[in-house]
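Several structures are given next for inspection.
In the two complexes below, subunit A is the common chain; its partner is subunit B in one and subunit C in the other.
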Partner chain A sequence: MSTILEVKNLAKIYEIGYIRKRQIVAVDKVSFSVKKGEIISLVGESGSGKTTTARMILRLIKPTSGVIKFMGRDIWRDLRGGSDLRWYWRNVNGVFQDPFSSFNPTHRIRDFMYRAFNLFNEKLDRDTKERLVREALQMVGLIPDEVLNRRPFELSGGMRQRVMIARIFLIRPMLVIADEPTSMIDATLRLGILRLFSKLREEIGTTIMFITHDMGLAYYISDRIMVMYRGKIIEEGTPDEIVNNPKHEYTRNLLDSIPKLYTSWFK
Partner chain B sequence: MGYVVETIDLRAYYMLRRGSVKAVDGVNLKIGEREIVGVVGESGCGKSTLSRVLALDFIPPLKLVGGKIIIDGEDVTSIPISEARKRIAGTKISLIPQSAMNAIIPVTRVKDYIADVVKEKTGLPREKIVDMARKRFEEIGLPPIALDMYPFELSGGMRQRVLIALATLLNPSLLIADEPTSALDVSTQKMVLTTLYNVFKMGLTKSIMFITHDIATVRQIATRIVVMYAGKIVEDGPTEDLIHNPFHPYSKALMFSILTPEPEVRKRVEQTGGIAGEPPSLINPPPGCRFHPRCPYAMDVCRREEPPMIEVEKGRFVACWLYAKK
Partner chain C sequence: MSILTDLFRIPKFVAGLAIFLTIVALGLVGPLIYRVSPTDIVGPRYTPPSPSHPLGIDALGRDVLAQLLYGIRGSLLVGAVAAGIALGLSLFLGTIAAVFGGLVDKVIMVISEVFIIIPSLLLMMVLAAYLSPGARNIWLVGFVIGITSWGGWARGFRSRTMSILQSEFIKMAILSGASRVSIILRDIVPIISPYILASFAMLFTSAITAEVGLTIVGVGMTKDITLGLILYIAQLYANITQGIWWTVVPPTLVMILIYLSLYLVAISLDEYFSPKLGTA
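What follows is the complex of A and B.
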């Protein structure tokens, strides 16, 4: 299989404070590559640098150093102008961690969904757009008539996340970066929605990168897991390799502290 | 053996202008001495409301609409609420509310905060309370120096453990902890869970009610699990039985949707599907069994009549027509 995404020595250093500047190394020279059609998870605890990595790949924040190549093109050097960026976001798109901040609060859900069509080259008529939007919402278990005219704050966190996922099924990109996409979705709905991501891969060969602190989710869904700790990727392998035979001490501790359903620590 | 708390057909609604939210609707629950009861269910099913009601914490629009609450043998719903609250606060039922961690006043030192809270409940002198707190901190492995710190100087896990120490200072009959681990990183969760378990083993509280949406967490310490759906208890049974062999179709769906890094889970998940639909509105819940619109086994009777709670095996209670003779 061919490589679709290549990340080399990627780093992000935040400078905070005005008078006495302090540096935070959020992502520390990370390198990895992802094959076409692969489902890969980036797992790590809070503050380990997962979202920062995701946002750089989505071309939302500029790396301090390093290279990100999508289909051979350096996304920070080779893409210029509106049409290149439209091409990029049509092909690489995401579900963002904070489902509130990614919505314009004055827009209705219909507006939010329709804006996805701006990324399309083909011109669609209004009826086709409406039909596609409704189908996408139904896929994630939302009732179109109940949500289309609502504004983001009138939906629960889990519903907003599902709207964002529906938007991904509308765009059908080649690479999806999903940052904690189901963190607010109730357990009994979550599995069905995760399966939709797998279906997208089966149908059009989409590559998916899940970003999560939930090792259980990563274990279930991925072909490969990368463990991130303090800005670095410290270990990677298949789910079974990571879970049954963790190499790094941090991974071992992490796995030990995850509660299991079928065994108890205290009994 | 007496019950530390017993509810009979308990109903508590949020009275809103557009209708009442039936968040606790006909709950029968008995908690005995030396039990850790895990209450699980998805967002909005009424877990926190149940905890507020048991702590007699009725803040409008929440209102007790029917049923009884019997605490240590006394029907506290037959006496004025303010009187009842005085009798139970701290010594009988002690509640750590959801997100309490963020609610601690940041400008007061931990010891002053504890002294304020406990003095209001008991009238004990401050020095005495701080002494008690120091002893309790030592007992449960918290550094006593934390008493002199401000809440923002403590990590999330430490803050949650301070709240556990505070909530058990007067050795209550029942400690209710509402999502005590949900906002924490996994490594800290384990620490808080251990503290809760120790508090129980040392007898600092007779029983614990542990509320969470995270079954894998609560099953670590719970002796018994209660599953709630849309304002009602649908299943109640010993932890191991319920985890390994859930009876109620909703409990099954819930259990089967849990993703933990265990080979059993991966295998199981590949075979079973999730369930369609969403929990219903609690203003106009569906008639009959509230799970019927999503239940793969729904029958006619389910749409018409509410299923009774049946003891299917010893200690295992289920409210579902599949198990009731009709």
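What follows is the complex of A and C.
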């Protein structure tokens, strides 16, 4: 399998405060690579730098230093102009952690979904767009007629997360960065939705990077797990390697906190 | 529209809108019903109000009610021209500055600073020195007031835009390939629209007041009738000291009512929307 994403010495330092400047090292010289078609999880406690890493890969915040290469192209150096960026986001897209702030309160769900067609090179007519949007919503268990004309505040957190995932199924990118994509979705629906991500991989070979603080979930869905702690990746391996033979103290603590019920379910 | 029904439950909003619309109706329809020319000499100067001239006659022998109706029309037009120009410039430049940032932002901020410093009085004085008195019409005065009052509002729009740009949904829009223009038009403007309405109301009132100020000190309107021009003539002939109240009280009252009504509309819009959209 070929490498689709390569991250080298990636770092992000936030400067906060106006008078007394304080530096927060959110991501500390992280390196890893992701193979095409792989499902990889980034696991770590709150504040460990997962979202910051995701944002840099999605090309939303500029790294302080380091290189991110997607299909051999340095995303901060080699992408120029609108069409390069649209190409990138057509191929690399994501689901955000917070479903409440990720929707413009004045937009309808239809507006939210249709906007993604900006990324498409092919010219689609209105009927085709509508059909694609409806199919995507149905995939995540939403009834199109019930949500399309609603505004975000009329939907629950779980429904909004599903709309964000439907957007991914509409775009069908090569690489999905999913930041806690199912945190508010009922356990009963969650597994079905996670299986949809696997289906996307089977169908079009999508690579998926899951971000979660839930080791049980990561164990269940991943080919490979990376453990992040205070901005660094401290451990990396297959789920079984991580669970059976954790090298780092912190990983052991994470494993202890998995509810027993959960592990017995998934093993 | 639940927003409208909500707004119509706020007494301040309803009262403000009702008063303002009444004044607008007076300015638009009044001259069509009360068909007396505001410039003709209709009788001896300073005839007090009477059935044939309900608001009496002014220093130049003209009908004050006709003057007032045309004056309302003129002042509303000055307000609309000035507020239109100022709102257009401030909204366009403020959002562009925030969204494009960098050099664009710096240049726009410097220009807005310059226009904040230049008072309309100064610009009008300079123009008054060069232009023939007949050129000082509604459009020119409206333009001068508009061009000198957008600076502060541009900064307001810029800072509101900047805070919205921090939102997650803007990042989501970028991930959907939205252009900067689309982000301004489809994300920013709908969210700040109540603030835009409120700012229009405030610009409108301050423009009408500014026109009166400019005209009273003698550098404003000369050609078209406005509330300012009526008060200017009244002041020129020292009507107040002579006890000629009918040329002074009606235009002043209308001025105050315009100010008050739009102020009520503006603050009720702001109070209603700010907490809802988190743009306070």
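Please note the rule applied: the second predicted complex is superposed on the first by the 261 of 267 C-alpha atoms of A that agree within 3 Å, B and C clash if a C-alpha of one lies under 4 Å from a C-alpha of the other, contacts with A are read in each partner's own complex, and residues count from 1 in each chain.
One rule holds in what follows: contacts are C-beta pairs under 8 Å (C-beta built on N, C-alpha and C of every residue); 3 or more make two chains touch, one makes a residue touch a chain.
Computed from a predicted structure; not experimentally measured.
Annotation: superposed three-chain arrangement on subunit A; subunit B versus subunit C shows no clash, the two fitting side by side. Rounded in steps of 10, the angle subunit B-subunit A-subunit C defined by Cα centres in the superposition reads 90°. Of the two partner chains placed around the shared chain by superposition, neither subunit B nor subunit C is touched by A:Ser33.
In the overlay built on the shared chain, the residue A:Arg190 is in contact with subunit B alone; subunit C does not reach it. Once the two structures are superposed, subunit B and subunit C can be ranked by residues of subunit A touched, with B on top. By the touch criterion stated above, A:Gly94 is placed in contact with subunit C alone, subunit B being left untouched. Contacts of A:Ser65 after superposition: neither subunit B nor subunit C is touched. Once the two complexes are laid over each other on the shared chain, residue contacts for A:Asn245 go to neither subunit B nor subunit C.
For the pair subunit B and subunit C, the model built by superposing on chain A gives 16 Å as the shortest CA-CA distance. Shared interface residues of subunit A (contacting subunit B in one complex, subunit C in the other): none. Subunit C contributes residues 167-169, 171-179, 182, 186-187, 190-191, 277 to its touches with subunit A in the complex.
Contact residues on subunit B toward subunit A in their complex (touch as defined above): 42-43, 185-187, 189-190, 193, 197, 213-217, 219-221, 243-244, 253-262, 264-266, 269, 273-279. Listed in rising order, the residues of subunit A touching subunit C in the complex are 55, 58, 60, 82, 85-86, 89-90, 93-94, 96, 98, 101-107, 111-112, 115-116, 118-119, 164, 167.
Residues 45-46, 141, 156, 158, 186-192, 195, 213-220, 239, 243, 253-255, 257-262, 264-266 of subunit A are the ones touching subunit B in the complex.
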